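Order of writing sets the labels: A, B and C. Residues in every chain begin at 1.
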Amino acid sequence: MTSLLLKGIEKHFGSVNVIRGVDLRIDDGEFVVFVGPSGCGKSTLLRLISGLEHISDGELMIGDRLVNEVQPSERGVAMVFQSYALYPHLTVRDNMGFGLKVRKVPAGERQRRINEAAATLKLDALLDRYPRELSGGQRQRVAIGRAIVGNPDVFLFDEPLSNLDAELRVHMRSEIAALHKRLSTTMIYVTHDQIEAMTLADKIVVLRDGRIEQVGSPRELYERPANMFVAQFIGSPKMNVLPAANAQLLTPAAVVPASAESVGVRPEHLKVSKAQDGIVRGKVSLCEYTGAITLLHVTLPDGQLCLVTSDDHMAPSLGSEIGLTAQAEKLHFFDHQGRREKPVSDVGVQ
Amino acid sequence: MTQRQIQILYRACWTIALLIAAIPFVFPFIWMVSAGFKSVTEIFGAPTLIPRVWRWQNFIEVFTYQPFARQYFNSLYIAILVTVLTLVIASLAGYALARMRFAGAGLLMLFLISALMVPEEVTIIPNFFLMRWAGLMDTHWPLILLPTFGPHGVMATFLMRQYFLALPKELEEAGKMDGLSRFGVWWQIALPMSRPALAAVAIITFLFSWNLFLEPLIFVSSLEMFTLPLALSNFNDSYGLPLWNLQLAATSLAVVPILIVYLIAQRQIIESFALSGVKG
Amino acid sequence: MTDIIHNLKTTRTSQKPWLTLKAREMMEAWLFVSPSFIGFLIFFLGPLCAVVYYSLTEWNLLTQQATFVGLRNFENALLENPDFWHVVRNSVIFALGLVPLNMALALTLALALSRPFFGVVFFRTVFFAPVITSAIAWAIVWKFLLQGEGGFINQVLALVGITGPNWLREPGWAMAAVIITRVIKMVGLNMILYIAALQAIPRDYEEAARLEGASRWQIFSMITWPLLAPTTLVIMVITTIGSFKVFDHIYQMTGGGPENGTLVLAFYIYQQGFKFFNVGYASTLAMIMFVIVMALTIVQVMLRRKGME
């Protein structure tokens, strides 16, 4: 019932346009992740949805209600903040119950909902503690608990895991995924971490400079990036972009669209071969051994750097000359503006 | 001598120097209390720290010479009222200036900063006519209104604003998401988290009002309306010469309770002044 | 997808509240500042404008009402009335005596008391105690101690064979007494500000300098003092402005006397305005005080900007 619709949303701070016309549809129960480099406007967009910032132009519908001029607390959304924003002078119980109290939910009902949420998040033992007595992960859980008790139509997460250490982040990530599965409520999640985006999202929205670059499932973004920015933003290590002429050298099977200017190929799709004619050649300038794979930095004859991952235990030695090949269907072509060119092979797939 | 011995000697010299330096800071208080117990003749005799005859009667005469109890009460209630008013008004305005976007905010800030720098002496003459016009002469209204809205009140506003600015914004946004109004966010989230700043403002405001002299001198004329500093300067005989023993006894009564509170809460009080940093 | 969005109907008009969120926030903000702002208009801005006008009028016991006379009062003060320059001279002497003494003592005490040692809290408490005490009370006690005959100070001096002056009855001594007792009263405040500044200086600097063999004096003159410069500037201006505002202390100790020897600007304004009822002239004096304070403040702001560059 609670889909969201953003129509031509804009936000100006003085003369600075932070959001420049965003159109987006979010379906009921979807887990949507806003991702992009810092300053792309992803947090601002979330804050516009929450109502903490005023929308300069455009329309925002939550459910079938236009909410541009509706107070944050009346939009049916709950937010989990980056810093958790737990009230330091209130216990965990009172933190979680605060919104209900403001909304004059009777005490009995309030207790029931707090206990229910606490049970879900394994917070039972911590209810009478103060936020300063909790660990980072526990605070995070309380922040989520506070959002749950209000029974919102939409959850908003503003980089909720960025203050946790690496191990805890992976753990909380899976807990949030599990939470979404159980509640199947619409969730919007902002992050700059593309791994978080890929693992959590039903739908990823890639933003840059206040505009949407692409909307799609993680797989779509990885396999069919709409442009060079998305291609390089999604996937780690990032995609290599070479002049289009190299396509024929990587694989003779490549069909290069006429207007293609560059060709992109992910490091994990390049294969190391012996240096010989008709193959992209380069010198290994750096080997980064990480255990499972080895990341090779290869300097091409024109001076460009090309990344290659190799799971071969017999990685080539530093300074040696190697050749690179790739499968035709793993190549991405972009025109002079960086937009995706449909490779000829795509036609059959679709 | 070893390095350690030099260190100890150095410290000892400093401590002795500090003890000597402390004399003019402490001695007046001691002498004040001591003289408050003496008779007029003993006051001008050879100086003794302990009175030869303890004249408790001084402390009774203080209350019969003028309505000192009433004057004491005046100072107390005015100081409390000014403190409460300043807390409310300064934290409201300070919050808006720290957190809310509104047309005219910049100009308002500029106005208030300029008010911060202008001494009360500059505006006291027009304020005199204002109060006379409003029929508030010889009432306590000027002593409540002028300190609350004067440079001191502005200073309190800026102190609160600085403190609010340093608070995490997300907490207040969480409050907003939880359904609080602006006023609710201020009252239930911003204020409880600002206790140190509120305490500092309360302390310096109370003392400011308690020690205020120019305004009482100008606006108040009947003995029943006097505040303490005015009352203290009023212990004179019919020739206008000070009745020293009464005056010092009364001064002791006015100063010692404040000093006791100060000794108990010295850390908090000193920090409050360090925080404000713009008084004197 | 874009097509789908634009085909959906919206119901903007039916849901528009009487105030947009933005307008509402603005209204709330003005409600928050209104008590402060209204008080500011009535008790500060209005009177400030009034005092400008008063300063341009002849208004005293004889006239009983304000008559516009232009800059006549300023001419009177600056060119004709010998009292005025006498008062200015007194105020300047007062400031020149008080400010350096106060600051030097404050810095010395702060240097001694900025690091924890046994008794540090005791000393800080003692040196700060006069700050919270009423200026009237402080002046009463010191006036008592400084009496010519039978005053405690002179009795102590007599013990070592010195005949002390009648402190508060001789112009030069009276000024000195007022300055020194005022310094003792207020030095604690500057001491606290200096201590806060000293404690904000990272210990690393001093430790690095010590490793390089710097002496205590070198550390102070080459590291601590330059790093204290912004604080020194602020304290200097605040103390100077404060010295021009001193009223209660002088009122109680000397009443401006003897022979107007301690008649300073703030006291002169009070005397002219409320004793002699020369409203026009007193307002002119208030304007002059306003200009002096403003000038000092602007100097401070400019110096601070320069320091930042």
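Everything below uses one rule, namely that a contact is a pair of C-beta atoms (placed from the backbone, for glycine too) under 8 Å apart; a residue touches a chain by one contact, two chains touch by 3 or more.
This structure is a prediction, so every number in the text was calculated from the model and none was measured.
**Student:** Determine which of the two chain pairs, A-C or B-C, is joined by the larger number of C-beta pairs in contact.
**Tutor:** B-C
**Student:** Hey, which chain ends up farthest from chain B, C-alpha centres compared?
**Tutor:** Between chain B and the rest, the longest centre separation is with A.
**Student:** Averaging only over C-alpha atoms, locate the centres of chain A and chain C and give their separation in whole Å.
**Tutor:** Each chain's C-alpha centroid was found; their separation is 56 Å.
**Student:** Rounded to the nearest whole Å, what is the centre-to-centre distance of chain B and chain C, using the mean of the C-alpha atoms as each centre?
**Tutor:** 15
**Student:** Listing for chain C: what residues touch at least two other chains?
**Tutor:** 25
**Student:** Any chance you could list the residues of chain A touching two or more other chains?
**Tutor:** 51, 71
**Student:** What does chain B use to touch chain C in their complex?
**Tutor:** So the residues of chain B touching chain C come out as 11, 14-15, 17-18, 21-22, 24-26, 28-29, 31-32, 35, 43-47, 88-90, 92-93, 95-97, 100-105, 108, 111-112, 115, 117-130, 145-146, 148-150, 153-154, 157, 182-183, 186, 207, 210-211, 213-214, 217-218, 228-230, 232-233, 242, 244, 247-248, 251, 254-255, 258-259, 262-263, 266-267, 269-270, 273-274, 277-280.
**Student:** Show me the residue ranges of chain B that touch chain A in the complex, using the header's touch definition.
**Tutor:** Touching chain A: residues 168, 170-171, 173-180, 184, 189, 192-193 of chain B.
**Student:** Quick check: in the complex, which residue numbers of chain C touch chain B?
**Tutor:** Touch list, chain C to chain B: 25-26, 28-30, 32-33, 35-37, 39-40, 42-48, 50-51, 54, 109, 112-113, 117, 119, 121, 123-138, 140-145, 149-150, 152, 155-156, 184, 186, 188-190, 192-193, 195-196, 234, 238-239, 241-242, 244-245, 247-248, 251-252, 266, 269-270, 273-274, 279, 282-283, 286-287, 289-290, 293-294, 297.
**Student:** If you look only at chain A, which of its residues touch chain B in the complex?
**Tutor:** Chain A reaches chain B through residues 50-52, 71-74, 77-79, 81-83, 85-89, 98-99, 102-103, 146, 150.
**Student:** Show which residues of chain A lie in contact with chain C when the two form their complex.
**Tutor:** Per the stated touch rule, the residues are 5-7, 23, 25, 51, 54, 59, 61, 65-66, 68-71, 215.
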